[in-house]
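You will see subunit A twice below: alongside subunit B first, and alongside subunit C after that.
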Partner chain A sequence: MKAPSPSFFKAMMAIVRKDLAAEFRSRELLSAMLVFSLLVIIIFNFALELDVKVRESVTAGVLWTTFAFAGTLGLNRSMAVEKDRGCMDGLLLAPVDRSAIYFGKAISNLAFMLVVEAIVLPVYSMLYNTNLFQPGLLLVILLGSIGYIAVGTLLAAMSVQTRTRDVMLPILLFPIAIPVLLAAVKASSGFLNGAEFSEILAPLNLLVVYDLIFIAIPLMFFEYVVEE
Partner chain B sequence: MIETKKLVKRFGLKIVLRGVDFSVQPGEFVALLGPNGAGKTTFLRILASLSRPSLGEVTVANYKLPDQAAQVRAKLGVVSHLPLLYPDLTAEENLRFYARMYGIDEQEKRITEVLNMVGLEHRRKDLVSTFSRGMQQRLAIGRAVVHDPEVMLFDEPYTGLDQDASEMLDDVLRSVAAKGRTVVMTSHDLARAEDLATRFDILSRGVIVASARHEDIKNTNLLAFYKKAIES
Partner chain C sequence: MQTKPTALKILDVVSLILLGISTYLALFFAPTEAVMGDVQRVFYFHIGTAWVGLLGFVIAAVAGIVYLITKDMRWDRFEVAAVEVSTVFFFITIVLGSIWARPAWNTWWTWDPRLTTAAITELIYIAYFMLRQGIEDPEKRARFGAVYTLLGGLSAPLTFMVIRLFRTIHPVVIGNASAAAEGGFSMTPDMRTAFFFALFAFTVIFVDMIWHRLRLGALEEKVEQLKLNTSL
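What follows is the complex of A and B.
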């Protein structure tokens, strides 16, 4: 029997389907991310209870703090599953471009983060009595999440090979993700406060450029990241 | 089918492989024996394209490593002491995932064939997390042969198996080798190696110190040959 190599797209989608199927069954990753996210926004809700103005002005910051920390939890777990049982070797043994492995893992991670965000947003809206369902804000959340997951998946693949991976990922990720987080907070805040589009354009552009850069980098370097 | 010339592997200042010359003909079953730390796993990881050689030439299935790694991977099946399986997926879901990663046509037919070969057809819908260590290792062999590779690498496949599971794995290994595949297996279990392999190479301190065919050591025994090679 001849075993042809699969296309980049088929290999990538095989990883996505595998990750979604495993998570649908275990719910380990999503439940951890969700519980953490809900705890964070509830704690902020109590901390900012008395000052309505402060609550309005910090919404974007609270949201992105929640997404960033929950995302880190998910990224760590997603790569640890591959490493702990040697499954990363199984992926690396497949005759596919190694960046297909990166994009498969990144799409799965993005899907998990978007699910968490889709649950957190209505809860946040209720607790803080703020309408978060604005098309502009949802676009920012999508762009910010893509950038954060793009760089996070790459760094998680590096940090998972170290003994201190749980600590190493945030140490590596947060400094590099500062531009995407700042731009996302600024653009989100702009949409929430009804700022002029021209004011929001600069952080939006930064988000798009950041996303493109961190989608392009793994295409070239992921092979070296996972190599022994 | 497999050839290495003056293969060297360094990790920082530590030299693990010191110029390994190794050759395996198509259809041979070579047991690579040696003490802990001899470099067996490192050597197999280089053959599997999971690690790059520091110096020297490596050819597997007529393709050069690391330049033609994707072609080598398409012809290669690897089993280690870790099963490389996902515990939250069923046996058939694990095989289907790997079948997709290898771009196999007629996946369902092949999955059924492989499950029958490793004796797990009746457990195809069960989660791998419910499998015993022996069953996981048999499924790991199924995973490794799902794309019908020409070359198989086994790295300590018996680690952690009880007597019954080891005997079942013997049968699966024999059936894998019986299909004319080229097999390299590392092991500390000399009795099993003697039972399965057609050739024995001893790796010690990063070099192959002895090599003998099965018929050459019939009149002595593998243990004596091994001890003599290690002490030389």
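What follows is the complex of A and C.
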């Protein structure tokens, strides 16, 4: 493979800029993801009776379930807006490498997910009087989000082209994303409960491996998913 | 009208005979396991179906890649055939496993890495069929199917590894199926005969099924073509 040319980065950044600018003006995606995340946390609060003892063991699970659900919402929407009114066809007509389009979409999706997480974390910390701002946990959240978005962007590009596009993404994404979600939960709860680093290392390694594999695969196969 | 090829007819008969012999070996020839008793006999078919189930999923992922390179629809039919046949065999594996687990482990189900991975793999391939159903254009259906089988094939081993992390920290009744695990046993030569014969028999049955499914796929395509022609 050739080394990415400057135009590759330009194309990629152009897509990121377009998505961020559109989102900055409408704020429909982020607000939906945020409100949804808070609702999920409220439901968990009562469904699991999050008192001090329970919280210790389930915080990581609650956080990642919230992120995964909100992430699906964002992924679906961000690809659906491209599909509507033929924006995707316009992007495909541009004389750039298909993987630049993939990376552009993935980076803006990742940005949205990180913004949501950056708001959910302090809210959760405040509501439950725990400090979630630990460097280890933040690293896990970054790695987990990268893996989830990397495979999610590819699958969202597929699901918006199906007849049942509103329901298809979670069904396609969740079974494939199980390794990254579970490894993230494991590593997060390790950091939150102050486990030995040697115990956290294994799920961290898995996160990195997952990220690498599921960035490489879309890079190679994205063109097969978007071509008409 | 295409008639069934003679070789396929012969293979059908051979498959049936092999299944019969394998049943006999599993139920009568192999000695009764000392601890678990007769229920252990489910093992031969459990492994037999699991083997062809996994084989089919690997074949499907490879067929998917070959399809993406060659764009030859025959590879797509091959991929669908492999996934379809394997999904059924794998489901049988899970059911047989549960039947065995109930007396051996005293539970129908446990979240052991193998069991969990098996369940998630089934879900991935059910999602695969739902994905294909939602796409009308056969060529696009084939491309998406190929990419999805590849993703599924890559994520399944990672699922296995990640579940193992959970289990090493929270030990449950059953560890992984190493020799030390509960329900493990060592095979006598007669058991081994029954075991390898079951593997062989199910491989032949698998090939037979795939062949049928390929033929069905080709006929389906023909019908679709004919329908298109009459509607024009």
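We adopt the following convention: the second predicted complex is superposed on the first by the 217 of 228 C-alpha atoms of A that agree within 3 Å, B and C clash if a C-alpha of one lies under 4 Å from a C-alpha of the other, contacts with A are read in each partner's own complex, and residues count from 1 in each chain.
As a convention for this text, contacts are C-beta pairs under 8 Å (C-beta built on N, C-alpha and C of every residue); 3 or more make two chains touch, one makes a residue touch a chain.
Since we're looking at a predicted model, the values are computed, not measured.
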In the superposed arrangement, does A:Lys186 touch subunit B (first), subunit C (second), both or neither? second
Can A:Thr130 be said to touch subunit B (first), subunit C (second), both, or neither? neither
Contacts for A:Pro95 in the overlay, against subunit B (first) and subunit C (second): which applies, first, second, both or neither? first
Applying the document's definition of touch, where does A:Leu172 land relative to subunit B and subunit C: first, second, both, or neither? second
Tell me which partner A:Asn45 touches in the superposition: subunit B (first), subunit C (second), both or neither. neither
Which superposed partner A:Gln161 touches (first subunit B, second subunit C, both, neither): second
Which positions of subunit A sit in both the subunit B and the subunit C interface? 227
What residues on subunit A touch subunit C, complex-wise? 151, 154-155, 158-159, 161-165, 168, 171-172, 175-179, 182-183, 186, 199, 202-203, 206, 209-210, 213-214, 217, 221, 224-225, 227
Quick one: which bits of subunit C touch subunit A in the complex? Just the residue numbers, please. 68, 120, 123-124, 127, 130-131, 133-136, 140, 143-144, 146-148, 150-152, 154-155, 158-159, 161-163, 165-166, 169
Residue positions on subunit A within touch of subunit B in the complex are 1, 3-7, 10-11, 13-15, 17-18, 21-23, 25-26, 81, 85-87, 89-97, 227-228
Residues on subunit B engaged by subunit A in the complex (per definition of touch): 45, 48-52, 70-71, 73-74, 76, 78, 80, 82-89, 93, 97-98, 100-105, 110, 127, 143, 147-149
